[in-house]
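For reference, the structure discussed in these notes is given below.
All chains are identified by letter, namely A, B, C and D, in their written order; residue positions are counted from 1 within each chain.
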Amino acid sequence: MAGQTLLSLEHLSAHYVSQQGTRVVRAVDDVTISLGAGETLGIVGESGSGKTTLALTMMRLLPPAARIVAGRMMFEGEDLLKKSDEEMRKVRGKRIAMLLQDPMASLNPLFSIGNQVAEPIRVHEGAAPRTAWQRAIQLLKSVRIASPDTRVSQFPHEMSGGMRQRIVGAIGISCEPRLLIADEPTTSLDLTIQAQYLNLLRDLQREHGLALIFITHNLGIVAKMCDQLAVMYAGRVVEQGPVSRIFNAPTHPYTKALLGSIPRMTDGGERLTAIDGQPPDLSNLPAGCAFAPRCPAVTTRCRVEAPPEFVTEPGRSARCWLAEPMALRSSAA
Amino acid sequence: MASPSPGPTRRGILGFSAAAAMGVLPDAAWAAPDGQLTIASHVSLAPTWFDPAETAGIITPFMMLYALHDAMVKAMPGKPMAPCLAEAWTAAPDELSYAFTLRKGVLFHNGEPVTADDVKFSLERYRGASSKTLKERVAGVDVHDAHRLTIRLNEPWPDFLTFYASATGAGWIVPRKYVQQVGEDGYKRAPVGAGPYKFVSFNPGVELVCEGFEGYWRKPPAIKRLVFKVVPDESTRLAALQRGEIDIAYSIRGELADELTRTPGLAIKAAVGSATFWLYFADQWDAQSPWHDQRVRQAAGLALDHKTINQALTLGHSHLTNSVFPENFDFYWQPPAPVHDPARARKLLAEAGHPRGFDAGDYYCDASYANIGEVVLNNLREVGIRVKLRPLERAAFFKAYAEKKLKNIVQGASGAFGNCATRAEAFVVKGGAYAYGSYPDIDAAFAEQAAETDRAKREAILHRLQQLVHEKAIFAPIWQQAFMSGVGPRVGESGFGLIEGFPYTAPYEDLTLKGKA
Amino acid sequence: MKQYILRRVGYSLLSLFLLSLTIFLFVRVTGDPVALLTEPGASQEDIEAMHRQFGLDQPLWVQYWHFIASFITGDFGQSFYYRTPVLDLYFQRLPNSLILAAVAMALSLVIGIPSGILAAVRVDGFWDSAGKLFALLGLSLPQFWVGLVLILVFSVSLGWLPSSGSGSFLHILMPAFTLGWYFAAAHMRLTRSSMLEVMGSEYVKLARLKGLPEALVIGKHALKNALIPVITLAGINLVVMINVAVIVETVFAWPGIGRLLYEGVTFRDFPVVQAVVVIGGSMIILVNLLIDILYALIDPRIRLES
Amino acid sequence: MTVITPPEAAIVTVASAPRPAAFWRLKGFPLIPILILVFIALVAIFADVLAPYDPTIGSLARRFRPPFWQEGGSTAYLLGTDHVGRDVLSRLIYGARVSMVVGITAVLVAGGIGTLLGILSGYLGGWADQVVMRLTDTWLALPALTFAIFLAAIVGPSELNIILILGLVYWTRYARVIRGEVLSLKQREFVRLAIVAGCSSRTIMWRHILPNVINSAVVLATLMLGVVIVTEASLSFLGVGVPPPKPAWGLMMADGKKGLLVGYWWLTVFPGVCIMLMVLSANLLGDWLRVKLDPQLRQL
């Protein structure tokens, strides 16, 4: 773990409670992740695996039906869960920022770009309108928007998708946050714009010493951008560790399947490995390991007992009986 | 005398903004100031009522005429034909001309003297109700000097004075020079007359303000300022009276009148006008209709419980006549009093072949008087005559009534001026605007009286005519309606009932406020 | 832009023409005005004379031609009943109607919009339901009943307010409340649904992610977007309030256009009715145009495309 | 993406108590409004059986009797008698029938015309759209009350005319909303597919557009029911509503309004309460339906 740990989630769980309190959906279940300053963490998983809920939990902006039921969220030495709503609001946008997926809709159509970019500066730093406006122009320049001083007073509908995403990025970094969470930042962009935006994020990270969390289902981005990787399945982190180590030697069968499903130029005509079966219903998960029904290496134990998270080597862990260290294995057989 | 302020000019929308309007609004304080009498009218005041020449054949315009104008001869307290602008008049022996001598020193509001020339001008320019009859019968007007004139007739006309004085606006005098100077519409916007009150300002449909005319010949009016406000809703009028915002509220009926009598400090004033109400059996001339049988018509008459209706709707103030002719009309014949005898009514119906009564279809009435209809309906049902109430909107009702489209029973009414002859002409005699049929003996009597010059003989014929109408039970009279108004605590002499048969406050110069000049 | 305005003007004229034709025919079908001005039993020639005086004896299309020709020059003819030019009558009463409508609209927005926002933001809170119930109540009670109860309470028994008529500011309170309350429900409902829709949008989500205080998120970002459709509705309702507040004006004896229209109809005063309805119609068209311009000011997207 | 609303307290035990379903909680299923509407419908249907007296017969002798619990009142006339001595309770019961009949039929008339023209103008566009839109503009300028007075004057007031008047006046609102719906429906894939598949515009309108528009029409109907009933009462106030002596709530309120000042409060309060309950329930039901069936419907 390079550098001092910036963020560490310990056994964090957030559940959705239905109206009558009967159905409970374990959207985020016992997640333990940590991230150092300036590092980049990729969170990968199928849709519905709880990636976004995890991000929202970190920002404490869950919908009313959701509850954070356990765990700690240490950020720069403070537990975010202990903060009052008001204190947490001051953290949002100032020390932790989040970028949304759809650039076209993320900007308020009725207010100018400058107004929306300057807003966090004025709220969090109480800057005077003039200085905030100048900072906004600087920010637009730093996200490589051409002729920022004319663009600043224009409106969102006068911008292309790519430019809007960069503006959202500018908003994100406007108050020099320590952590930037990007929730599927590139899905709605076409490839050329996507590459530019990723390079921009990397430059911003280097310039401002930002820690980055990438939420995506695109393993290509993870490979290119991230130092650490966490694979989520049915609300749980099934495998995490350095990207290079996991890409070369994945432990958890689900990670293997995910990596296997990426078409590579070199593979020639081989069939891609698809994962059969359906993603699990989070409201009534089977006993034991959630991936058991779809796992090629399933054992009777998997179906009965949910595996804990085993540390396979320093900085790596997997939640699978295969990863059980030899020392423990004999006793549980 | 400053000429009256020009009428309301047009304030364009552009010149108006919400804030400015707050200041511009006429700031008549909502508590009535002293020295001012505020009257709440139930109908919207029409400028046509400010000009005697346009007087329609209804009583309401005279509410304004008595305030702003004066007449040669008009009904005054105790005297239906009191000499006013005309000091005296004599009819020539051959009844072909009437000589008038004007009162001296009488002035219009603008200081001009009232002269015979104005009287001639006023008669000739008159185009209101029955103006055609006047034009046909009046040969001409000869002005002898500033105060003496003679009106010549083409043929003897016993009713000339009734028409000239009370039935039309011809006898109400306007200043010729001023009218010709400002023109017809200009005159309506800023009328000048010789009445006890001067016109100050008029906001159409909202408010008329008048001021006492010190130079009025009879006596200077006791109250300095007179304001007529238009308050269309009856309950609001009563509330305003209870709050002291107004001093007199015209037309308070039914249960609101009950409340008024129970409120301390308020008094109810009832004046029996010349508006009679009746049931008219439109199909009596059609042989197949049950109404053809006189006994059925009489049964309907006997079914009406006049006293209870009178007590319920007009606190017993209305006059229970048994005739469609108003009691205060010339040549009135007093019929036997109305009788409420449901038993005899059922017997008559049985004799006429309707032992269990019959379904009589629709009962048409003017929607604004549907309250009478609802009560009469119950009375008729008690004797077995089952009808369905069909109230029509006022204008539609009169139109259908005149176009003879109504059937079965029609709840008719008329407040028109004139005398028993004019009333018979419209509702009874052949060719009448509202007569659906007629009886030969009545038509003959009518023709006879029309030619009769001797007043006594004519009266005898008209009495016989009214007797025939009663015996044939052409109508089932309900009542001669009392017009009820509320009077507040600040009013001394309210002027109600001073002039017999006049529903509104008059003469205005006699009105006083308590304790103040 | 020019072509758009030309089309708009064209449609407006067509609407106005259709409106004037409808009202012209409708009024004449309702009966003969002269019958009302004269007592039953008036002689036939008196009636004829009046017909000539009002020009009613001419064939219909001639009358219509006069109406349209004079309408263009702004002269709506003489009122049968008041015998004064109709425009004088109209403009004399217009300020009263404008004030009443303005205050009533303000009240209805003050009741409608906050309760709509509350209904959207604090779904199910006590205030949400109370606001909604209060606004809906305004829709469920006939205006004349509300008016009379107000007079009974505030004027007769408490004596704080004058019972009727116009004059000081105190006169406007009760009529404006009665009129405004009726429209509050419509404004509340539209604000609520519009707010709900906007609150679910991405830019509101981003506003929260920026760490903006809740008041700013709702007050600035959500509200401005949500109010656009409410402006349209308020615009139309304003015209209705100006021209058709018949009941309130009758109960409170408020000298407005509504009463003038009602009297015009009951007295079969053709010129007055025609004038009020046609001017009312053009007012609606004007308001529609104003709202579009207002849209362009508020929503930059529209400015470029129209 | 989930909807983010104001942040909740951090740590809460899982089994938090389910929220109480109080009446004033309007978001939930409008049980009470539906009960009220059903009750009124039942009273309307069985009026002849329920009403103790003939609502149109009264006698002046027993007019203005207060309700039984007030002194002067008697159990013979539970809710007192009106200005012509008729039993208020019987008139309320029959009044339910009149109000229901007038309300529902007027809404059906308005709904029928409005939906039909709304679909035609929305789907066909072109001149049909122009004609309908110009008509709705004109009709908007013709206020309901003036319109009613015209018709009452021409054909004379009767229950049928009132239904006609209310229907003719309110179809414009229907047409506008339905047209808006149809315009957005037209863009939807399944309509394009139907066109491509060669269906005639008539079948498309009938089988595709109409079913999708029905729920908006139903929602609008419940909301219009309230407006129609209140307008009927206002017409009665101006004397052009349902003609006396028919027992309609609106007319009872209008007749009884003078009683307010005089202390005969029950004449106008009871019908007022009935109208308020019915209209309020219709509106609450409408609001709930609106959210349930079509949250996007917001041109109302």
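Assume a residue touches a chain if its C-beta (ideal position, glycine included) is under 8 Å from a C-beta of that chain, and two chains touch if they have at least 3 such contacts.
Please read these numbers as outputs of a predicted model, since none were measured by experiment.
**Q** Work out the mean Cα position per chain and let me know which chain is farthest from chain B.
**A** In terms of C-alpha centroids, the chain at the greatest distance from chain B is A.
**Q** Could you compare the number of C-beta pairs in contact for C-D with that for A-C and name the larger?
**A** C-D
**Q** Find me the chain with the mean Cα position closest to the mean of all the protein Cα atoms on display.
**A** When every chain is reduced to its C-alpha mean, the one closest to the whole-protein mean is C.
**Q** Could you grab the centroid distance between chain C and chain D? Build each centroid from C-alpha atoms only and quote it in angstrom.
**A** 21
**Q** Where the centres are mean C-alpha positions, what is the separation of chain A from chain C, in Å?
**A** 54
**Q** Find the geometric centre of each of chain B and chain D from their Cα atoms only, then give the gap between the two centres in Å, rounded to an integer.
**A** Here the centre of chain D sits 44 Å away from the centre of chain B.
**Q** Determine the centre-to-centre distance between chain B and chain C, using the mean Cα coordinates as centres, and give it in whole Å.
**A** 38
**Q** Taking each residue of chain B in turn, which ones touch at least two of the other chains?
**A** Residue numbers touching two or more other chains: 235, 239, 242, 393, 395-396.
**Q** Return the residues of chain A touching two or more other chains; collapse runs of consecutive numbers into ranges.
**A** Touching at least two other chains: 61, 89.
**Q** Going by the touch rule set out above, which residues of chain C reach two or more other chains?
**A** 30-31, 148, 152, 156, 205, 208, 250, 266
**Q** Please output the residues of chain B touching chain D within their complex, sorted ascending.
**A** 234-235, 238-239, 242, 254-256, 258-259, 305, 308-309, 311-312, 367-368, 370-371, 373-375, 377-378, 381, 389-393, 395-396
**Q** Looking at the complex, which residues from chain C come into contact with chain B?
**A** 30-33, 35-43, 45-46, 49, 78-79, 81-85, 87-89, 91-96, 98-99, 102, 148, 151-152, 155-156, 159, 162-171, 250-253, 255, 259-260, 263, 266-268
**Q** Residue numbers of chain D touching chain B in their complex, please.
**A** 56-61, 63-64, 83-85, 149, 152-154, 156-157, 239-240, 243-245, 257-264
**Q** Could you pull out which chain C residues touch chain A in their complex?
**A** These residues of chain C touch chain A: 201-203, 205-213, 216, 220-221, 224-225, 298-301, 304.
**Q** If we count contacts the way the header does, which residues on chain B are in touch with chain C in the complex?
**A** Contacts found on chain B: 7-13, 16, 18, 21-22, 24-30, 44, 46-48, 54, 56-58, 127, 129-133, 185, 188-189, 203-207, 229-233, 235-236, 239-240, 242-243, 245, 393-396, 398-399, 401-402, 414-417, 422-423, 425-427, 432-434.
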